[in-house]
Each structure stands twice: as C-alpha cells, then as structure tokens.
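Here come two complexes built around chain A, the first alongside chain B, the second alongside chain C.
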Partner chain A sequence: MPKLIIDDIPVEVAPGTSVLEAARSVGITIPHFCYHPALAIAAACRLCAVKLLDGPVKGIQMSCALPAQDGMVVSTTDPEALRMRQLVIEWLMINHPHDCPVCDEGGECLLQDFTIAGGHSRRRYQGKKRTFQNQYLGETIHHEMNRCIECYRCVRFYQDYAGGTDFGVTGSAGRVYFGRFQEGALESPFSGNLVDICPTGVFTDKTGRFRARYWDYQFAPSVCQHCSVGCNTAPQNFQRETIKIVGRRNDQVNGWFICDRARFDKGYLNDPQRPREARLDGATCGYDVAIDAAAKAIGKFVAQNGAESLAFVGSSRLSLEGMILLAQLARTVDGARLCYFTDGGELTGSAAAARLLNEKNSAYLRDIEKAECIALYALDLMEEGPMLALAVRKAFLAGAQIYLVDGDPIPAREKLPFTFTAVATLDEVPFEGGGRGVVIAGAGKKDADLLDQLASGGAKLVMLQPGPNAMAGGLLSLEFGGQAFSELASAGKIKGVVCFEADLPEGLIVDVEVVACADWRTGAAAAKAPVFLPTTTWVESDGTAINYEGRAQRFQRTRVPGLPLRGLDPKYYGSTADAVAEHPPRVHRKEVPGGAERDAWRVMAQLIERLGGRTIEEPLTGRWSKLKDLDPESEGVRVFNLLQGDPRTDS
Partner chain B sequence: MIPETLKKALEARVASAITAREAAVDVMKELQAHYGWLTDEAVEEAASLLGLSPLQVEELATFYEMIYRRPVGKKVIHVCDSISCWCVDCDGIIEHLKEKLGVALGGTTADGMFTLLPCCCMGMCGDGPAMSVGGIPYGKLTPELVDEILEMERQKI
Partner chain C sequence: MTLPLFRHNRANRVVTFDEYREEGGFEGLKKAFTGMSPAEVQQTVIDSGLRGRGGAGFPTGRKWSFVPRDLPGPRWLICNCDEMEPGTYKDRVLLEHNPYSLIEGMTLACYALGVRHAFIFIRKGYEKAAANLAHGIEEAKKAGLLGEKILGTEHSIDLDLHLSAGRYICGEETALINALEGRRPNPRQKPPFPAVKGLWQGPTVVNNVETLANIPAIIANGSAWFKGLALNPEGAGSKLFCVSGSVKNRACVELPIGTTLEAVLDACGGMREGRKFKACIPGGASTQFLKPEHMKLPMDYDTVAKAGSRLGSGGVIVFDESHCLVEATLNLITFFARESCGWCTPCREGLPFVREILTRIENGRGEEDDIAILREHVKYLNYTFCALAPGAMAPLDGLLRDFEDEVREHIVKKRCPLK
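And now, the complex of A and B:
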C-alpha cells in the first residue's frame, strides 16, 4: 500500500491508485476534465498538473496518469503547478465561444467551475476562433461542437464503455471533431449519458433545454421505475414539471450511468391529461368524498357477493409500501383476493425468484462484471435490463465467455454490445465448477423446474423481473398468498375488483365490476370505475422499490404533485376562455392546481380505516420495519437476510 | 462500386491481418487509388470490408493526411512546414508554390493537375526544405528547383 504525502496530509492508498484519486480520498479536488472514474485514463486535457517535491518522480506531473508511490511528496498548490493549470485552462478556452448565457449546461458545467477555479478569468487571446458545423444527432441530444475542449470523455464512453460504433472522433490536431459519419440519430441506447459525461455544453438534453437553470431545479435522489434493475437517478424539476432526469452514482447498481429510457421517457409524468381529480360517477368530487364512496361501495359489494369474489389488484408500479398495504387492505375485507400480477406467468416467475434467490446466489452488478462465463437465458436484455448489458460488456472485455441460450423464442432484438455464442440449452454452457458463472434469465415464461435447476447449479443468478418493483410483488405474493388476476378472472371466481395502479386489459374486466380504481394514469379499469382516486407517481412520492437482486432502495419525493405551471389550463387563471401564456394563476388559492393526488399507500390506509381496520401511519411494519430508515443516498440493502426468520408483517 | 478483383484482393489483405483495423490503411489507400480520393462510397466499402462502422473508418481516414476525403488533382504536393524545414525557410517555398500554381493551401490547380497541401515532418529534415509530389520526395528545394520539378512532373503524366 503506497504511502505518500499530499499537501502535508499523509495518505495511504491501494496500489494502482492515481495521485489525483489519492488526493480526492482526502478531500482535495485537483481540477480535471478528461479524468472520469468509470473510464480509462487518457491524460488528454493536461489540466491536472501537480508538483512532486520529493520521492521517486519529481517536478510537474499529470496527477490523473501518475500512480501513487511510496515516498511521494505532492503539492497541489505549488505556484508552478498553479501556473501550469492556469495556462492550460487558458489554452483550452481559446476557441470556446464564451456563450454560457445561451448554453443549457451553464450552472452545471465542469468547464465553468474549473476555469474559474483554475484562475483563468480574463481572455487575452484576440485571434480568430476555430468553428465547427454541428450535426443533427436525433431528437434527444443537441450538438454544439464549438464548446469542445477535446477531453475525449464522450468517445471513450460511447465506443469503449458502451460499445457504440456510430459516434466517435474524426480529424487531427486543431480539427478534432466529435460526431457521426453523417447526421442522424445516435444509435446507442445509452447515448444520453453524453449529456452527463461531457464536461462542457457540447451535448445537452434537447428534451429539456432552456427551461431552467441548475439552481432553479427541485431534485432529490430517486430510482428509475422503468425496469427491475433500479438504476439511481435524480429527476430535475421546475415548477412541477420534470425537465430532465440525470444519472446518479450507485456502484452496486448502475455505476455512473443510466439508459436512455430512464433519461428521456418522462413525458407521462408531465402529461396534462393525467387524471388529477377524484371522481364519483363521472363528476369530480373531493378526495375524501371519493374515499368514503369507495369504502361504502366495497362494503356493499362484499355484502352482496361475498368477499371471496372481490379482488384487490395492484401491479409492479406500486411501491413496496403500497404493496404491503394492499395486502392489509385485502385482509381487512376478510377473504378478499390479493393480486400483484395480472399474468400467471409473471407471478410464477417473480414468486420463483423470491423463493429461490438468496444472499449468496443472487448476482448483482459486480458479480456480472467479474464473471468468467455468462449465460443469457430466455431474455431480451436491451428491453428487460439495458444497463446490465453494459455490465456483461465489461465482463466480455475482460475475457468472459458469453452464451445466448436459445431455450425460449425471445430474440436478442437489439444489437448487444458484446459478442456471444448461441447454444440450444443451458447444459451446453461450460460453467467451470460454477466458479464465476452468472445466468441472466429474463422475465418471460419459464417452467418452475427449470428455475429450480438453474438455482441448484453453481452459477449465480439474475432473474430479471417483469416490472420495476415486481420482486417485491413476488416476495409479498409468497407472504400473503397473492394470485394472478387473469387466472382468477378466467376461472370465473371474481365478480369485482378494486384496482391500485393496475394495468388490467379491457378483455379481462368485461364481466367484472370495477368497484373503485386508484391510479396516476388512465386505462380500462379507470374508465369503468364509478369511483376514481388519482395517485402520485414515483417522482411525487417517497417509496421503496426492490430490484431484481433483492436490493431495497428508497426513492424520495422530488417535487409536489400538481399540474405543471407551463401550459396550465386557463381555468386556473380565473378565465375559462382566454388562452393565458405562462404566468402563475391570478386567482388566490391555497391548493396546488391539480395537486389532489395522494400516494397509493395513503389511500389504502384511509380505506382500511374506513372499513374498520386500524389507523396506519407507518406502512413498513413487522419484518419490513428494518427498511424504515433506509437512506435514499445509500447503496440500498439486500432484503434476504433482513427477511429471514423474522415475524411476518403484522396487521 | 469496386471491381470484383479489387474486392477479392482487399478481402485477402484483411484476412491476412491479425486484427482488421491493422489492414485499414492499406484498404483505404487501395480504394483511394481506385477512385482518385476516398469517396463517401469508398468509406462505406472499406467499412464493410473491415467489419467496422463507416464512422470508425472515417476516424482513421481523417487522421492520416495522405488519405484524401475530398477530390484532389492528379498529383498531390505535400510540402513540409515542420520545424527543420521552417528553419530553412519552407515559408518561402510554400509562397512560391502558391504563386506558381495559382492556388491557396488546400487548393487544386485549374487544370486539375496539382493539389497543394502542407504536411508534417517527412523525415527529410537534413534535406529541407522538403516536399513530395505524387508520392515522390524532393529535398533541398529552391524556387528554381521547384519550377523544374513541377514542369517535370507535369510531363510525366
């Protein structure tokens, strides 16, 4: 373990750690552009100069490319190093258009920060600047090449890290250009990370440009709710609108990056058509009126038809809190059925994962990255867990063998960022004594025996889930006897449903009475329900989600619910006719327009109370109570040991 | 479209390389010889021969100064402007070339004969100022010698 001294502070680091990282470990940030912890060292920008006063090397050195060694005495504040950094910044800024006021990166720009920090604040250069033609890169990313400082982060991410081939670096010397062969949409499903990784404003998020500055945003740690990987994000909101979503580091789950679905698929959160008001028989009503009506309707239905012909149906869109309370709600109406899944196959798969996975055999990001042999089994990786494709690529680049087991007719639809051998069955995959093997199975239909067989092999397992929080659905289905709605319905056992964020296909509820429906989007059940209760989405609520590997993660409310200020309906401006531009309502009111939504679990708690159950203030009880204080900024905790041998959820 | 024989030859060249990228420069040069410059079509053809994307070929093509991504004259003049040649007044030679040919750096003569490009050190520092015309190196240049060379190269066609 090399021991060195940085600015008079003794530091001890692991072998191979760079001086820049060693300094960082004691809280000293050496200005840098090309260095990025997730990427290989390029030493391209020359900004990270330090001076070595004593030891094996001496003089000015690039700290990002210099491994820490015993006996080094490093100064980050030596006048020579400072001067060097100042001059480097000045030269990197020579061609920069100085257009921060019209740049969407302004305020969250590493170039701004380190230019000022580096001591370059006045332009001396009076000559002509190099200028470039920008390219059209699709509907999500805007290109502004004049702001480039040639750090090569973008191309190292796009090609080396993410395996893309349609974006790169052309030219040489002063003509170095980062773009495509021809204009056109970037092909990589990870292209959005260019926005985060470029230290300047060359790539900005076209879907949220020029709406607000960094200091205007409201944001909080959140967890992507598009698939069961559960990557960490930070939605940036302004005036009740989710403007951008950026990646948030979690070394156990997603590293630094997120996929494009997480970043750009956000329109539904801001949709002005989202149901915002409680409804009773087609007319809007107060929220509590609707809850009373729902409780009454449930009571009436049970009295007429018996509790066993009523199903409480949720989905993997619910938070863990919502799922737990759904079970308690079903229990309050003694004998009612509980469904977290509509499809029987999905229930079998998720319940099998909940049953078979444990602390030891459940593979997570690092297991995949370090695997020697990986089998992709009945899986469309780019659809079901895009970010894991990058983990598999990492293993592949380190020499792992990758197999696509063709046991199921699900094709690898999109181009995968690694090469693989197709085999017919899992038996053909040569897991050497199970050493560092990982099987990644999709959420599609699989028979239970096969899953057992998978779990009994030596390899670690990933069982991707059919939805963001489906693992919790599987665990709770086991705990509370959850059933698949489609099976109950087709067996004619169900006469009525109460839906919570459930996506029931129209065909399944033709002959079923929808007693009440709570959701943040509309669907067949909402259209049929006499009582409708609008709920909040994951950006507007606190909650917990359990990802494919059994890791519970807390997401925090990132903004208040309500209609986005932009494009607000004229009725909120005291006028029913005038199309009013973007100005806050002129009518005095205390509530947020369209802000009546409540968290699904709170709605359930209120129903439980109305139906004669206890008052519930904390949804995480019994064996789940250990998750109460889960820190949203932590790496999350795996629930297996947590749940073992503990008393069940009390109710 | 390249002729089948050229395609076969290039495929063989790629097959004999340890990694396809290693054969990229040869492939680009052959295609350039065929088309006169490396056309967009040629970039795509090189890409499919090498198993790379067109962008990845473009990355290499635009890095090397002897791969031409724009139409050039029959013979390309590369005149060195690096340090050793600069010490022996390559600037004067470059001015002379510009005047004589009636083009700026990067330009092609009206008759389509010559394209004038500056280049990095060609390893002829001891014989500077240096240039190459159509691939043939010339050193110890003087304005008079340049005139002679241009005349000779014109005749050689």
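And now, the complex of A and C:
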C-alpha cells in the first residue's frame, strides 16, 4: 500500500492507484479532461499536471498517468504546475469558438469550469481560429466539432469500450477530427454516451437541445425501466417534461453508461395524449369518485360471478410496491386470482429464475466482466440486456471465451461487440470445473434443469427477464400463487379483470368484463373499462425495482405529474369568463394541469380500504420492510437473503 | 583506417552482393553463427561502446540487455528507417549504396536477441533504398545467410520490409510500433518500454539503420577495434554526417566519432565562397545551434551535449552570416507543427502558437512580450507525451539563448534586419 503526501495530507492508497485518484480520495480534485475512470489512461490533455517535490520521481508529472508510490511528495498548487495547467487551458482556448451562450453544454461543461477555475481571460494568440465542418450523425446526436478539445474520450469510449467501428478519429496535428468517415447516423446502440462522456459541447442530445440549462432541471436518481438490467439514470425534467435522460454511475449494475434506448426512448413520458384524468363511463370525474366506483363495481362483480372468476392483473411495469399491494388486493377479495404475467412462458421463466437464483449463483456485472467463459443461451442480448453486451466485451478483451448457443430465436449476432464461437447446445460449452463461468440466459424458452445443473457445477447464472421488474413478479408469483392470465382466460376460468398497468391483448378480453383499469397509458383494457384510473410513470413516482440478478433498487420521483407546459392546451389557462377578459387576467388554478395521476400502489391501497381491508400507509412491510430505507444513491441490495427470513408478508 | 559504413560504397551505384562478400561482408555473421553464443555477440556490442544513431544516442548493447531473456512468446527487432528529421538523410545514402550491412547487422542482432522475425520500417519516399533491400534480402536468403537454417545451423531468421505511409512521428519508436500494428501512429505511454512490451505486446528492440549497419564490422573486427576508430577517448566508432546549407559540397560523409566540427565542414569543402559561418544545427532539426566558438569541438555525444546541443542524428545544417535565424527556426517549427501527431495539447496547440509568433516577428509585427511567451513554450513544451515537442523546442531554445539580440532587432526595427 503506497503511502504518499499530497498537499501536506498523508494518503495511503491501493497499489496501482494514480496520483490523481489518490488526491481525489482525500477530496482534492486535480483538473483533468482526458482522464475518465471507465477508460484507459490517455495522458493526452496534460491538464492534470502536478509537481513532485520529493521521492522516486521529481518535477512536473501528469497525475492521471503516474502510479502513486511510497515516499512521493506531491504539490497540486506549486506555481509551475499551476502555470502548466493555465497554459493547457490557453492552448485549448486558442481555437475554441467561445460560444457558451448558444452551446447546450453550457452550465455542465468541464471546459467551462476549468477555464474559469484556471483564470484564463486574456487572449495572446493573434492568429485565426481553425474551423471544421460538422457532420450529420443521426436524429439523436448533434455534432459541433469546433468545440473539441481533443481529449480522445469519445473515440476511446466508442471504439475501445463499446466496440463501435463507424466513428473514430482522422487527421493529425491541429486538424484531428472526431467523427465518421462519411456523414450518417451513428450505428452503435451506445452512441448516446458520447453526450455524457464528451467534456465539452461537441456531442449534445439532439432530442433535448436548447430547452433548459443544467440548473433549470428538476432531477433525481432513477432506474431505467426498459429492461431487467436496471441501469441507473437521472431523468432531467423541465416544466413537467422529461427533456433528457443521462447515465448515472453504479459500479455494480451499469458502470458509467447506459444504452440508447434508456436515453432516447422517452417520448411516451411526455406524450400529451397520455390519460391524465379519471373517467367513469366515458366521462371525466374526480379521482376519488372513480375509486369509489371501482370498489363498487368489484363488489358487484364478485356478488354476481364469484371471486374466483375475477383476476387482478398487473405486469412488470409495476413497482415492487405495486406488486406487493396487488397481492394484498387480490387477498382482500377472497378467492380472486392474481396475475403478474399475461404470458405463460414469461411466468414460467421468471418463476424459474426466482426459484433457481440465490446470493451465490446469481451473476452480476462484475462476475460477467471477470468471467473466463461465457455462454449466451437462448437470448438476443442486444435486445434483452444491451448493457450486459459491454460487460461481455470487457471479459472478451481480457481473454474470455464466448459461446453462443444457437437457439431459437436466432440472436442478432452481427451486432454483438465481441467475437464468439457458435455451438448447438449448452452442453458443448467447456465450463472447466465451472470456475468463473457465466451463463447468460434470455427470457425465452430454456432448460431450467440444465441451468440448475451448471450452477451446481460452479457456473454463475444470469437469467434476463421479460420486463423491467419481472424478477419481482417471479418472486411474488411463487409466494402468492400468481398465475398467467392468458392461461386462465383461455381455460375460460375468468369472467372479469381489474388491471393495473397490464398490457392485455385485445383478443384475450373479448369475452371478459374489464371491471376497472389503472394505467399511465391506453390500451385494449383501458378502452373497455367503465372505470379508468390514471397512474404515474416511473419518472413521477417513488418505487423499487428488482433487476435480473435480484438486486432491489430505489428510484425517486424526478418530477411532478402533469401535462408538459410546452404545447399546453389553452383550456388550462385561458379565461373561462364569458365577459370580455379583464386585464390583467385573474383566473385562479390551484391544480397542475393534467396532474391528477396517482401512484398505482396508492390506488390499490385506497381500493383495499374501500373493500373493507386495512389502511395501508407503507407497502414495504414484513420481510420487505428492510427495503424501506433503501438509498436511491446506493448500489442497491440483493434480496435473496432478505427473503430467507420471515416468509410472511404482513397482510 | 577503413571506417565500417561506407567502405563498400561505389561511386554511382549500389554495391553488388558478390562485391560485398569479397570485401569481407558476412564474415561477422559467419563468425557469430559458427563460433559465438548470442550472449557473446551481445557482450561484444556492449563492449564496443556503440551508441544509437537514431538521435538519442542510447548505448545499443545496453538497450538489448533490457529485453527479458526468459519471457515466453515471440520477441521482435525493428529497424527504424523513417528518417524524416529535417537535415538528415544518412540512412538513405547508406542504403542506396549498400543494403547488405544492414541486412547482416539485423541478422546478427536477431541472433543476439533470440528474434525469429524482424521488420524494416521504411518511409514511402525511399523507393530506391527499399528496392535495394528487397533485392538484398532475396540474395542473402539464396546464399543461406538469411531465412531457414542459416549457414546450416538451427537458427532461422526472417526479415520483412514494411513500406510506411510516412510521417515524422512514425520515427518515434512507440508510434512506429503502433503504425506497424496497423493503428494510428500515436506514441504509447512509457513505461512499459518497448524492450519489455512493444510490438503486439512482445519484447521489442527498435534500432536505427546506421546503428544496425555497424554491427557486422564490430563482430568481425572486435569491440576494441571499433572503440579505437574514434578520435576522442570516450567515443567509439564512426558517424555519418549529412551536411547541408552553406558548405561547398553538401554531402553525407563518414568520419570518426570525435572529429571536430571544423573538420566535418572541411570534409565538405568548407564554407561556400564568400560566406562566413554563423551557426549550425549539429544533429538534425531538434538540436540547439552551435556557434563559431565550437569549431574545435569534437563531435561526440557527451562533448556536444556539454556544449549545450546534441549530436543527434548527425544532420548538420550550416548557416552563414546572410541567413536569418528567426526565419530558419520558423521553417523548422512549421515542419514540427505540421508533423505533430495531435495527441497531446502542448504540442498540437503550442507549436502553432509558436509558429504564429515567429511569423509575426519575422514579418515585422513582433511585440516585446513575444520573447517571454516563446521562452514559456520552450519550458512547458517539455511536458508533452513524447519527445517530438521538446525536440521541436531545441532550435527555438538555441535561438533565444544565442541569438536573442537578433530576435529583438526584428521586433524593434519592425522588419527582418537581414532582408
């Protein structure tokens, strides 16, 4: 453990730690551009200069590329080091357009920060600035090459980290250029990370440019709800609209990055057509009126048809809280059926994962990255868990053997950012002694016994799930006897449904009465339901999700529910008075337009109460209560050990 | 005394394989392959005092000894024939007259280092040299002096010629390695040094053409012979000086190490008619100026370094009293700014800054502050990723050290005083 002194502070760090990181560990930020913890050291920008006053190395050194050693005496404030850093800024600003006011990076720009911090304010260079042509890089990323400071982060990410081949660096000397050989949309499904990783405004998010500055945003830690990996994100909202979604670091789940689906697929959150008002028989009504009506309709249905012909149906879009209360709601109506899945195959798969996985055999990010042998089994990795493809690539670059078990459906193999050997069956994968072997299985049909066998041989398992929170659905299905709705329906056992954020295909509910429906989007069930209750999405609610490896993560409400201000229907702010409007107008409105949505679990709690059950203020009780104070900024908690204790969920 | 490098040269053509052999060529190779162990070959090179002729003057035998002996997997030897340093053209002259010394020298180096496969990285423009090498490699193979089972022994060695697209930075050894691997020629972080982790992550020795071409004579005649060639006691061997500028006969000449600057110029016929020596750059564009007072300076690595410059590659550019050294420096800086690989900020952005200031000064638009800004660049361009930028600052450092008055005169008079 090297011991050194940085600015008079004694520091002890693990061998291999750079001086820059050692300084960071005691709260000293050494300015840097090219250094990024997730990327290989470039030592290109030369901004992180420090002076070594004593010890094995002396003089000006680049702290990012200098491993800490015993006896080093480092000064980050030495005049020579300071001057070097000032000069680096001056050099970089020689050709910079200084266009912060019209740059979408402004306010969250590392170059801006360090330029101000370094005190650079006077231009000494008298020549002309260099200019570049920008490129069209597709509909999601805007390119503005003149702002480039040549830190090579983008290309190190795009090519080295993510395995992309259509973007890189060309030219030399003062004309190095970061772009594509020809204009065109970036091909990598991870291209959006360029926005986060570029320390300046070369790459900005085209889908949200010029809407707000960093300090305008309302944002909070969240968890992506597009697949079961559960990458950590931070949706940035302004005026009730999710403008951008950026990656958030979690070393156990996604590292620093997210995929493009997580970042750019957000239109549905802002959709003005989203159902915002409670409805009763086609007409809008107060929320509580609708809940009363739903409770009444349930009671009536049960009285007429019996509880066993009623199903409470949810989906993996529900938070863990919603799923727990759905089970309690089903219990309140004694004998009613509980479904977290519509499709029988999905239920089988998720239940198998819930049964098979445990603290020991469930692989997470680091297990994949460190694996020596990886089998991709019955899955389309780029669809079902894109970020895990980058983890596999990391293992591959470190020398791991990758096998693709040729299954059905045939995975999109040409997109995988690593090379592999195709084999016909899982038996052919040589997991020698099981040591550091990982099987990544998809949500589709698979041989659970075989996986079980491999796990007992020492291999670790990833069982990707059919939806963001499907793992919770699997766990709760085991506990509460959840059934697959499609199977119940086609067996003719179901006459009525109450749906919570469930996507029921029209064909399944032709002969089924939709008693009530709660959702944040419309679908076949919502169209049929006499009572409709609008719910919040994951950006507008607090909740917990359990990812493929059994890790519970808390997401926070990142903004208030309601219609986006942009394009707001004038009916929400126009004068309603018949007479000529007074000026200035005085129309008092206390509610956020379209802001009536409630969290699904709260709606369930209210229904339970109306149906004679208890008052519920906290959904995470019993064995789940340990998740109550889960910190959204933490790495999350794996639930296997929690679930071993008290099997009862408080009811 | 016969010097090792140009002894086989013919006036206007390349020496033939038979001529080279008749004059003692491949005797060193025979001696080593039939009677010396690889360690003995290496020790002879260490004892000879041979220093790298590529510019840095690093002791060659010492560099070889850094290659870990016991590492499994292949190791590599690369001959650096990128030669793009302004004023330097010795490797071209050597190879256009005689490719065999290099081929024999590389085979010996491979033998000493345990290398199976070596590369010659040659710049694109050197077509004649490349053709000579290609031809020479074939002949050596046919004669059993290269390729499978050399001279019937168990040793097999292959030489490959790689024609590079050619940039100055490709001469920097780690950038060269990247280029050879098919990557962008950006230098690599050192350590690890190529001797430990180089080409395809294997141990790699990179040597200059002239360095390697010296090996056959060293092995054939022994280390003491080689050391004795030098005129000064610390020196060893001979050196190719390629002289350009204000001398009568611009030429590449082979002279003993330790020859005085004056004698080097005399070997080129002395100064041109009516010209008076003002200064010279002794070792390629990235060295400081030498002045009239250095005429008696023995041209050897340590002595030139003590005089505040470097023997470098031996590319001597001679300036006379009619030359403006601001303009000369600007010319060199323009080259360096263009040849920066673009990896690190001080070089990529600092060199154009220096170029802009020198352009203004030369054109009579210099300002008093400019000298201080230039000095700052001389100092801080040392902190770059590779040695290109520090090298580029050497002539500027010399200009400000020895000719500050001339620079100031430009600024004060608002014009170039020599035009």
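To be clear about the criterion, the second predicted complex is superposed on the first by the 621 of 651 C-alpha atoms of A that agree within 3 Å, B and C clash if a C-alpha of one lies under 4 Å from a C-alpha of the other, contacts with A are read in each partner's own complex, and residues count from 1 in each chain.
The criterion applied here is as follows: a contact is a pair of C-beta atoms (placed from the backbone, for glycine too) under 8 Å apart; a residue touches a chain by one contact, two chains touch by 3 or more.
Since the structure is predicted, the reported quantities are computational estimates derived from the model, not experimental observations.
Undergrad: Check chain A with both chain B and chain C modelled on it and let me know: fit or clash.
TA: clash
Undergrad: With the two structures laid over each other on chain A, which partner does A:Cys45 touch: chain B (first), chain C (second), both, or neither?
TA: After superposition on chain A, A:Cys45 lies in contact with chain C alone.
Undergrad: Report for A:Asn641: first if it touches chain B alone, second if chain C alone, otherwise both or neither.
TA: neither
Undergrad: Touch test for A:Phe167: chain B only (first), chain C only (second), both, or neither?
TA: It touches chain B, and chain C stays clear.
Undergrad: By residue count, which of the two partners contacts chain A more extensively, chain B or chain C?
TA: Of chain B and chain C, C contacts more residues of chain A.
Undergrad: Can A:Val88 be said to touch chain B (first), chain C (second), both, or neither?
TA: After superposing on A, A:Val88 lies in contact with chain C but is clear of chain B.
Undergrad: So in the superposed three-chain picture, is A:Thr77 touching just chain B, just chain C, both, or none of them (first/second/both/neither)?
TA: neither
Undergrad: Identify the partner contact of A:Phe181: answer first if only chain B is touched, second if only chain C is, both if each is, neither if none is.
TA: A:Phe181 contacts chain B only, not chain C.
Undergrad: Pick one for A:Thr421: touches chain B only (first), chain C only (second), both, or neither.
TA: Neither partner.
Undergrad: Which holds for A:Ser490: it touches chain B only (first), chain C only (second), both, or neither?
TA: Once the two structures are laid over each other on A, A:Ser490 reaches no partner at all.
Undergrad: Where on chain A do the contacts from chain B and from chain C line up?
TA: In chain A, positions 169, 171-172, 175 sit in both the chain B and chain C interfaces.
Undergrad: Quick check: in the complex, which residue numbers of chain A touch chain B?
TA: Going through chain A, the ones touching chain B are 165-172, 175, 177, 180-182.
Undergrad: Could you list, by residue number, the parts of chain B that touch chain A in their complex?
TA: 43, 52-56, 58-59, 62-63, 65
Undergrad: Mind listing the chain C positions that touch chain A in their complex?
TA: Residues of chain C touching chain A: 167, 169, 184, 189, 337-346, 348-350, 352-353, 356, 360, 369, 373, 376, 380, 382-385.
Undergrad: Taking the touch rule as given, give the residues of chain A at its contact with chain C in the complex, in rising order.
TA: 41-47, 49, 60, 62, 65, 83-84, 87-88, 91-92, 94-95, 124-127, 149-150, 152, 169, 171-176
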